[in-house]
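So that you can tell them apart, the chains are marked A, B, C, D, E and F in the order they are listed, and the count of residues begins at 1 in each.
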Amino acid sequence: MNLEKVERALIFAAHPDDEMLGAGGTIARLSKQGTKVTVVVFSLEDTGYSTAGLEKNVLEVRKKEARQAAGILGVHESVVLETVPQGDISIYRECIRVIRKCRPQIIFTHFRNDKNRDHRAVSEITDESCWKANQNVLTDLGKPWHTSQIYCYELSNLFTNPSDIVDITATIESKIKAVKTQTSQFALLPGIAEYLRSLAKVRGYMIGAEYGEAFLLSPLMPCKH
Amino acid sequence: MNLEKVERALIFAAHPDDEMLGAGGTIARLSKQGTKVTVVVFSLEDTGYSTAGLEKNVLEVRKKEARQAAGILGVHESVVLETVPQGDISIYRECIRVIRKCRPQIIFTHFRNDKNRDHRAVSEITDESCWKANQNVLTDLGKPWHTSQIYCYELSNLFTNPSDIVDITATIESKIKAVKTQTSQFALLPGIAEYLRSLAKVRGYMIGAEYGEAFLLSPLMPCKH
Amino acid sequence: MNLEKVERALIFAAHPDDEMLGAGGTIARLSKQGTKVTVVVFSLEDTGYSTAGLEKNVLEVRKKEARQAAGILGVHESVVLETVPQGDISIYRECIRVIRKCRPQIIFTHFRNDKNRDHRAVSEITDESCWKANQNVLTDLGKPWHTSQIYCYELSNLFTNPSDIVDITATIESKIKAVKTQTSQFALLPGIAEYLRSLAKVRGYMIGAEYGEAFLLSPLMPCKH
Amino acid sequence: MNLEKVERALIFAAHPDDEMLGAGGTIARLSKQGTKVTVVVFSLEDTGYSTAGLEKNVLEVRKKEARQAAGILGVHESVVLETVPQGDISIYRECIRVIRKCRPQIIFTHFRNDKNRDHRAVSEITDESCWKANQNVLTDLGKPWHTSQIYCYELSNLFTNPSDIVDITATIESKIKAVKTQTSQFALLPGIAEYLRSLAKVRGYMIGAEYGEAFLLSPLMPCKH
Amino acid sequence: MNLEKVERALIFAAHPDDEMLGAGGTIARLSKQGTKVTVVVFSLEDTGYSTAGLEKNVLEVRKKEARQAAGILGVHESVVLETVPQGDISIYRECIRVIRKCRPQIIFTHFRNDKNRDHRAVSEITDESCWKANQNVLTDLGKPWHTSQIYCYELSNLFTNPSDIVDITATIESKIKAVKTQTSQFALLPGIAEYLRSLAKVRGYMIGAEYGEAFLLSPLMPCKH
Amino acid sequence: MNLEKVERALIFAAHPDDEMLGAGGTIARLSKQGTKVTVVVFSLEDTGYSTAGLEKNVLEVRKKEARQAAGILGVHESVVLETVPQGDISIYRECIRVIRKCRPQIIFTHFRNDKNRDHRAVSEITDESCWKANQNVLTDLGKPWHTSQIYCYELSNLFTNPSDIVDITATIESKIKAVKTQTSQFALLPGIAEYLRSLAKVRGYMIGAEYGEAFLLSPLMPCKH
């Protein structure tokens, strides 16, 4: 991973929250150093959950919460695809368009073996979109763009052998603060802030830092040198 | 995992400390409920480290520290094999003898994919010894004994999908206190106590408890029912 | 696996037969000890097979055969979802509802690496439904319920390292008898009864019993203790 | 792999080109020895690519190019399913029909871990269709047929341990010539001819031949002897 | 697997018995069709078992039993290396010498993931020896020889996806009879004959035969065609 | 992989040749840009080969050839450990000493799943030595040193998903020339120069370069940022 020269970073998340839970400290660190960070959320709802149990205005609430968190982390732009991340061709087209528009040096996405079906789907879609975005096809979606770094972040399926750990000592408080804005999710995730702080301590310890975030290199496209 | 009816438990560790780092809270919980816990340490030194850099009396110091920790965790018996855990047939014989003498209902050992070569070796030796201990051979080493539960504990290679998490809320302080007696190892592992507490919080969160320890079922021998 | 204290068990099967082929002996043993066993069948047809070659009344025949087998095995309730087990969100909702209604202590399902696409799909749906059923969401589908034991049964892709083998010596004849009621399937599966008896002997031998059924712990959710 | 006695061979390809890129030399060698080779192409377009950027007549052009290549390689029959290879039941039916009509002794298909989603889907569909084609069901689709050899060919995800390498020294020039007819694809794949020649040299070297093609045994159905 | 043209076959076994337990039916079938079968046993003792519990003359007894079984199965030559199969360079030399002397068209060996350490070691030694035997080195050990088929047989770690199943209906009784001569092992393996017959039925069913033996292609060296 | 800022690079090779076969182009590119490259060869002989078939002066010949190749590639220092890379503790000490003396920013080593036992052993030893070299122990072997980048090179077991490909268009001729100095090995590896050139073309094609070398990130130690 090479964070220093990154001008533009792109984070894919199945649902709002995912990007800050998995990579919030790194997002804040990047934006602090001047990197333009774009977050792409696929859906405001988890496909595992039906709208049946949710009030209509919850979606509005979540959008507002997401804006608050983005402000705290310094996210430059947030995109909501409003689509279920399951196999539809139009999703790939949308992702290719976003990648070619954003032209990131680094992309973060979900873990391929996450227990959540939507997360796994986003991971797969990201990989393929990165590869297709780099080919000389579909030129109506923008000019081909090569992203040489693609990494997965972790949520609750911890990496046995993370390939990279980012020191987030300087931004852990922003991460926690951002997560705490997501009040509509508190019933579902009690204690999440303390969980995140503890996990950051665990990952930080592994590189001799106070707090860290772990990542796993996605193997689909070889980096070129 | 079935902890309630366990009368005797056996923990294998490549070096002193490993058993308390990986399973200290569970050891303390078992001993509190009346289970007799035996700890088997293979070697007082890590094969990756030469004695060259160690003072001779460090071994004495480590033994004393191990006794202190055992007292805090309520370990019933500690055995030091004083052998390098690498492939020698006599080690298997020794482990079979220990298993048949202890007759445990549950065994804890290292993770097969740990980054430490000695840890991997202990994991493999444990598996095979459990299996051989149960067969009607080598009767000079004791009567055959079937251990139906074998679990791996985690150190720094975290399990992506632990099969079991034990609630150690009631014994986390004993675990931390036991680790802090290992003063001769502090140069090597600064911050280890805080790391362990954080990891326990992470694992506890996954089962809705304050503190937890994660384990992975060892697949060598099927449990019978 | 802890069968003794199981009050309610739930078995998921892609098609009728699957549950008795994979876990018939264990089902009979559970029902004999007083456990209420519920069987959930996704579809009366295999998606790999078209209705084109089947007479319309075959569905009626299969339902009748399923009832006969359920009677022999002591199944308390049979549910047919009448749906193809492929990725539809409504299926997850249905499974969550069933789990929360049945409130099982143990769930049996297909193997994640089975060669049959429907079987793999059911395995994945079961895992995710168990996890979602335990969360504080979708309360219109019932109260959250935690199932701590989830196991896969085997059909023709045998487990290299089963985690558990259940002694079915006392119920093997019920299993065979139940399978023999499925006469509409005999053209497809000649010799199945003898296959099942032989496999049960192979698995029984591994635990020193006359007949056995092998299972593999599903790793998605850690058991808590 | 047993090529000598093969009377009929069947090659599945997600898109035109795939079969010649992965197995062109082997196809030409088989047709030279008198084997009837049938190529089944799922779609004239890659689902990752939209028609948006393609002129309508490109499809006509691709069909013409495919015919030219088939002539050079000696393909006996080409079938275009004109369907997206993603999960639809009707595809399985179509593949079973093709297999039962062709009655091949050997089938070649994509690699299960290819980075291209369509390729992975074709690999999975092939496996299941072969298995279903051999069962005594769906008799409206033809008489059951057992194909004892199923192999994957490689494109850009090279096999670490190929199970078989075919000497294509005598047919490498036909393979290259066939690929060069695919002029509509040149913008996408510049240098592909030289890539293929180099890869054939690499694979040939591993068996002491000038040129080779690597294959991986598909493990779904055991060969019977 | 191509059994028809095999003039010479070689079977590696860690201990006497292993070859007949895993491949006895196939050995008998090969010898019946005129193939010269050579069995290479590494050791008369399992390294997991010490001689401590064995009478000295047990070795003599085992040799005699092995000769009886070899007679029943039609084994042409039996070689006992009298060495522990663990990493010593001289073992590789010995195996290369045996392979070059026997010049087999097919080799059978243990499964790489067997739970028995000696079995895993033999599997690894076989693979490497086959590869080295084929290179233009160590000419004091004989002329280079290429064995194009290497297969693993199964004992108690069953293959989830066997690559080949051999019909042993005509030789199952010889296999059982050969195993029954191993009377010195009966205390260790009660019921083994019935286990083998049941497993053969299970494997036979998978190919539509009465009895079968399952094998897994060893992936180290690609077959050349 | 970050080659630009690398002041010192270290390459581990089981035998002379391995480093140039796997990473010769990258070595030459690094030395051209001013990086000091150190090559560590474990043994002048392959443990799979006995000295029996080799003339005594072959060792002298190989040393001379290695010096020639090192000159062509611009290797700064060559170290021959003269030891068999199999499990001895003294080897780990030696490697830790070398790493701490060289203080490399990047290390290249063998692939963990190479078919050659010595290669696998070197890969494992490298990983563990890097990790130990970074700890505050064994201070008689030098001051702790953290190497943040560890990569495997490929020989004949090609990577299915390489993590990095280095453009070696500018140094391919040096690589070929270096390999051609190894005349004592020509009987064993006829055509090796052409194989290497073809493989470099294959790998180059994947990143849009004329020639390339593929690497796989070693996952043992997370990179820190």
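Heads up, the rule we're going with is that contacts are C-beta pairs under 8 Å (C-beta built on N, C-alpha and C of every residue); 3 or more make two chains touch, one makes a residue touch a chain.
All of these numbers come straight from a predicted model, not from anything done at the bench.
Chemist: What are the chains that subunit C and subunit E both touch?
Modeler: Joint contacts, listed by label: B, D.
Chemist: Could you label the subunit E-subunit F interface same or different, taking same to mean over half of its residue numbers are used by both chains?
Modeler: Under half of the interface numbering overlaps between copies: different.
Chemist: Express in whole angstrom the distance between the two chain centres, defined as the mean CA positions of subunit A and subunit F.
Modeler: Chain centres of subunit A and subunit F, defined by C-alpha means, are spaced 36 Å apart.
Chemist: At what distance in angstrom does the C-alpha mean of subunit F lie from that of subunit C?
Modeler: 52
Chemist: Spell out, as numbers or ranges, the residues of subunit C touching 2 or more other chains.
Modeler: 87, 115, 161, 206, 220
Chemist: Write out all the pairs of touching chains, ordered by chain label.
Modeler: Contacting pairs: A-B, A-C, A-D, A-F, B-C, B-E, B-F, C-D, C-E, D-E, D-F, E-F.
Chemist: State the interface residues of subunit A toward subunit B in the complex, per the touch definition above.
Modeler: 113, 115, 156-161, 191, 194-195, 197-199, 201-202, 205-206
Chemist: Under the touch definition given earlier, write down the residues of subunit A that touch subunit F in their complex.
Modeler: 1-3, 161-167, 206-209, 212, 214, 217, 219-220, 222-225
Chemist: Quick check on the complex: what are the subunit C residues that touch subunit D?
Modeler: Its residues touching subunit D are 47-50, 52-53, 84, 86-87, 115-117, 187-188.
Chemist: So in the complex, which bits of subunit F are touching subunit B?
Modeler: Residue list for subunit F touching subunit B: 87, 89, 92-93, 124, 127-128, 131-132, 135-141, 220.
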